[in-house]
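Listed below are the structures to be examined.
What follows is subunit A paired twice: with subunit B in the first complex and subunit C in the second.
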Partner chain A sequence: MEISISMEGDFVVADVAGDLVASTAEDLKVQMGKLIEKNFLFVILELSKVTFMDSSGLGACMAVHKAFNEKKGSMVCTKPSETVAKVFRVTRADQKLNMAGTRLDAIKFLKSAALSGRQS
Partner chain B sequence: MDEKIITLKFKPVFENVDSARIAVHNACRERYQQPGSDPLISDLLLAATEAMNNAVEHSGAKEVEIEVIAGPQGIVFRMITAGDRFDPTAGTAFPDLDAAEELPEGGFGRALIAEMVDSEKYEYSEGRNILTLEKNMITKEDRTDGD
Partner chain C sequence: MRPDSGNVNILVADDDPLVREMIAMILQDEGYAVDTAENGVDALKKFGSGNVIGLIVSDMNMPEMDGLGLIRTIRDTGDDVPIIILTGNSEITTAIQALKTGASDYILKDENIQDTIGIAVEKAIEKHFLKKQNQQLLEELARRNDKLEHEKALAQKVQKNILPRELCFPGFEVGSFYRPSDKIGGDFFDAWENSGKIHFLIGDVSGHSTSSALIMAVSKGILQSLGHTLSEPAEIIRTANRMICDIVSDSGMFLTLLYGTFDRATDALSIVSAGHNPVFMARGKDVTRITSTGSVLGWDPEDTWDTTVTFFAPGASLVLYTDGLTEVRNAEGQEFGEERLEALIGDCICTGTAINSIVQHAETFCSNDFPDDLTLFIMKRMPA
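Moving on to the complex of A and B:
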C-alpha cells in the first residue's frame, strides 16, 4: 500500500493505493498520525485506488476518523471502488464515517466543518 | 464434480495472507470468467481473508493450510489449522455502531465472513480446525437459463 500526500487548497489529500488490509492498516494510522502531529486536521482520504479492504483496513479508517475528530478536525473518505464500498456498506460504517462521492463534495464538506469548527 | 484449483500452506503471518489472497484471486479468476463473476469472487476473497487473518491472530497454529475447490455450485474455500478449537462461525453479528459510545475499530471480521458467503461450516477433528466456506457462482446453466 502507498499513500501519496498532496494539498488541495487548504486541505490535505491522502491518496491511498493498493490493499488496505491487516498487513498495511497500521501504515495508514501512522501516516495520518503524522499529519495530526503537524496540525493538518482536515483530510480527504481518497480511496479510488484501494483495490481491496478487509476489516483491519476498515478498523484503521475508524481509528483515523476518531483521531481527527478528537483534534477537532475532520476526515472524509472519497470514491471507494465498489469492492471497498461494499465493506463500508454491509458493516454500516458508511453511516458513521464521512463519505463523499467526489473530491469536490469532500472539499465542500471540509470547508463547512472547518468554518463551523464542529466535530463530525 | 469437484476440482481442486489451488492448495497452499504457509506460516501464519499477515504478509503471507496477502500472498495467499492474490494466489486465490488469480486461480478463481482463471477458473470463473463468466460475466458477473468478479463481485462474487471478491466476496469470497474477503471472507477467506478474514478467515486467514483470524488464523494468524487467534489460532496459535504453526501453519495454515488452504485449498480452493471448484464445486458444482461454486467456489469452496477450506482452511485447516492445527491447534486448539477455534470456531470462527460463532458470534457473527456486526458491532452495533449506534449503541457503541465510541466507533469500534474491530469486531467486524467474523460477521463479514458470514455476510460474504452462502454457507460456512466448522469442524474440529483430530486436533485440526477445518473451516469450509462456499460461495455460489454463476454457472453456464444459469447463463443459458437467462438467455
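Moving on to the complex of A and C:
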C-alpha cells in the first residue's frame, strides 16, 4: 500500500493505493497521526485506488476518523473503489464516516467544517 | 559492553624465544595478560590448564605440533577461541590453509609486526565478542519465540474451549467449521436453546491477532450472558454494543455480528445482522440472502438495529459464515465471493456434506492460503 500526500488549497489529500489490510492498516494510522501532529486537521482520504480492504483496514479508517474528530478536525473519504464501497455499505461505515463522491464535494464539506469549527 | 583488554588472557605460541617474547611484550604493553608456549603441544596444555584463554597467537612451523595441528585439535573440541597465525611472506598458502582450518586471521612476521599484531588482536577479540553477543541474542530471541508459541498454543486451547464443541437441538442438524488464520483468531459462533427459542450467533472481530482474540472472548461472554436474560435479538445487540464500545474505545476495532433466534412456537426466525456479510437461507436450489440490518458493533454506543423476520421452513438450511471464506483469493487475485458460495449451497443436502464441500472448494480455490479466520456454521431444520 502507498499513501501519496498532496495539498489541495488548505486541505491535505491522502491518496491511498493498494491493499488496505492487516499488514498495512497501521501505516495508514501512522501517516494520518503524523498529519495530526503537524496540525493538518482537515484531510481528504481518497480511496479510489484501494484494491482490497479487510476489517483491519476498515478499523484503521474508523480510528483515524475518530482521531481527526477528537482534534476538532475532519476527514472525508472520497471516491471509494468498488471493493471499499461494498465493505462500507455492509458495515454501515458509510453512515459513520464523512463521505463525498468527488474531491470538489469533499473540499466543500471540509471548508464548511473548518468554518463552523464543528466536530463532524 | 565492549571487551576490556585487561580482562583478556592471550596465549602466544612460537618456538623462537625471541619472537615469542617480543610479541608477548607488545601485547602486555597493550594491556593484555599474556602467557607463552614453546610449541603446539605446550600451547594445548596451557589452553586446557584452567586459565581462560581469550585468544591464541601461534606460529605455523613449530616442533612436536605445528600451528595447523593446534588449530585442528582446538576446533575439534568445538572451542571457537580466536586464533591468529603468524606467518612469513613465503608461507601465504599455508596461512590460507590455516584460515580454512579455523584460524581467525593471520599476520606477517615482518618489520611492521609491532603495529599489526595489536590491531589484529583487537579486531579478532572484538569480532569474537560480537559473534558471542549475536549468538546470545539469537538464543534469547529463540527462547522468547518459544515462549510466545507456547502462550499461543495455550490460548488456542482456551479459545477452543470457548467455542461450542457440539451443538444438538431437536429437529435440527447443526454443523460447523472453524479455522483461525493463526493459532488464535477473532471469529466466533455459538447456539443454545432458552425458553422455547434457539439463539444462535456468528461474529468476526476486526483483525485476527491477539487483541481480536481477546475481544472475541469478552464479546462472546457478553452475548451469551445477555442471550440468557433477554429474548429479542435487537435488544441483545443494542445492550452488547454499549458494553463493547466501552471495551474497544477509540481503537477503531469492531466486530460484525449476526444474532438470531428461532421461535419453536411460531417457526419465526428473527435475525439482526450488525454489519455482517450476507448469510443464506437455502431450501433446495432456492437460496435467499439475509443482509446487514445495521452498523457493526463497537463504533457508536447509540446505534440501533432493525430485525429481519422470516420463516424457517422445515427442510431449509441457514448458512452462516465469516468473510474469511468469501474473501480468499486465487492466484489471479479473484475473490471466492458470495456467488460461488451461493451456488455451492444450492447443491448441498446435509450440513456435514455442505461444510466439507464448501471448505474443499475454498481450499482448492485459494490453494489453502487463508489470510483471515474462517468460520462456517450451518443449521438445517429437519423436514417435517
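Keep in mind that, in the parts below, the second predicted complex is superposed on the first by the 120 of 120 C-alpha atoms of A that agree within 3 Å, B and C clash if a C-alpha of one lies under 4 Å from a C-alpha of the other, contacts with A are read in each partner's own complex, and residues count from 1 in each chain.
One rule holds for everything that comes next: a residue touches a chain if its C-beta (ideal position, glycine included) is under 8 Å from a C-beta of that chain, and two chains touch if they have at least 3 such contacts.
Quick caveat: nothing in here was measured; it's all calculated off a predicted structure.
Engineer: Judging by the criteria at the top, classify the pair subunit B and subunit C on subunit A as clash or fit.
Structural biologist: clash
Engineer: Considering only the touch criterion stated at the top, classify A:R92 as touching first (subunit B), second (subunit C), both, or neither.
Structural biologist: A:R92 sits against subunit B and subunit C alike.
Engineer: With the two structures laid over each other on chain A, which partner does A:M7 touch: subunit B (first), subunit C (second), both, or neither?
Structural biologist: In the superposition, A:M7 touches no partner, neither subunit B nor subunit C.
Engineer: Check the residue A:L58 against both partner chains and state whether it touches subunit B (first), subunit C (second), both, or neither.
Structural biologist: both
Engineer: Should A:E82 be classified as contacting the first partner (subunit B), the second (subunit C), both, or neither?
Structural biologist: The first partner, subunit B, only.
Engineer: Please work out whether A:L115 is in contact with subunit B alone, subunit C alone, both, or neither, and reply first, second, both or neither.
Structural biologist: neither
Engineer: Give one of first, second, both or neither to describe whether A:A67 is in contact with subunit B, with subunit C, with both, or with none.
Structural biologist: Second partner only.
Engineer: Quick one: classify A:D19 as touching subunit B (first), subunit C (second), both or neither.
Structural biologist: First partner only, subunit B.
Engineer: Now that the structures are stacked on chain A, which of 62-70, 116-124 or 368-376 shows subunit C clashing with subunit B?
Structural biologist: 368-376
Engineer: Show which residues of subunit A both subunit B and subunit C reach, each in its own complex.
Structural biologist: Residues 21-22, 52, 54-56, 58-60, 62-63, 66, 90-93, 95-96 of subunit A touch both subunit B and subunit C.
Engineer: In the complex of these two chains, what residues of subunit C are touching subunit A?
Structural biologist: For this pair, the touching residues of subunit C are 204-209, 250-254, 256, 275-278, 291-292, 294-296, 299-300, 323, 327, 371-372.
Engineer: State the interface residues of subunit A toward subunit C in the complex, per the touch definition above.
Structural biologist: Residues 21-22, 29, 52, 54-56, 58-64, 66-67, 70, 90-93, 95-96 of subunit A touch subunit C in their complex.
Engineer: What residues on subunit B touch subunit A, complex-wise?
Structural biologist: 14-15, 17-18, 21, 39, 42-43, 45-46, 49-50, 53, 56, 94, 97, 102-106, 108-109, 111-112, 115
Engineer: Quick check on the complex: what are the subunit A residues that touch subunit B?
Structural biologist: Result: residues 19, 21-23, 52, 54-56, 58-60, 62-63, 65-66, 82-83, 86-87, 90-93, 95-96 of subunit A touch subunit B.
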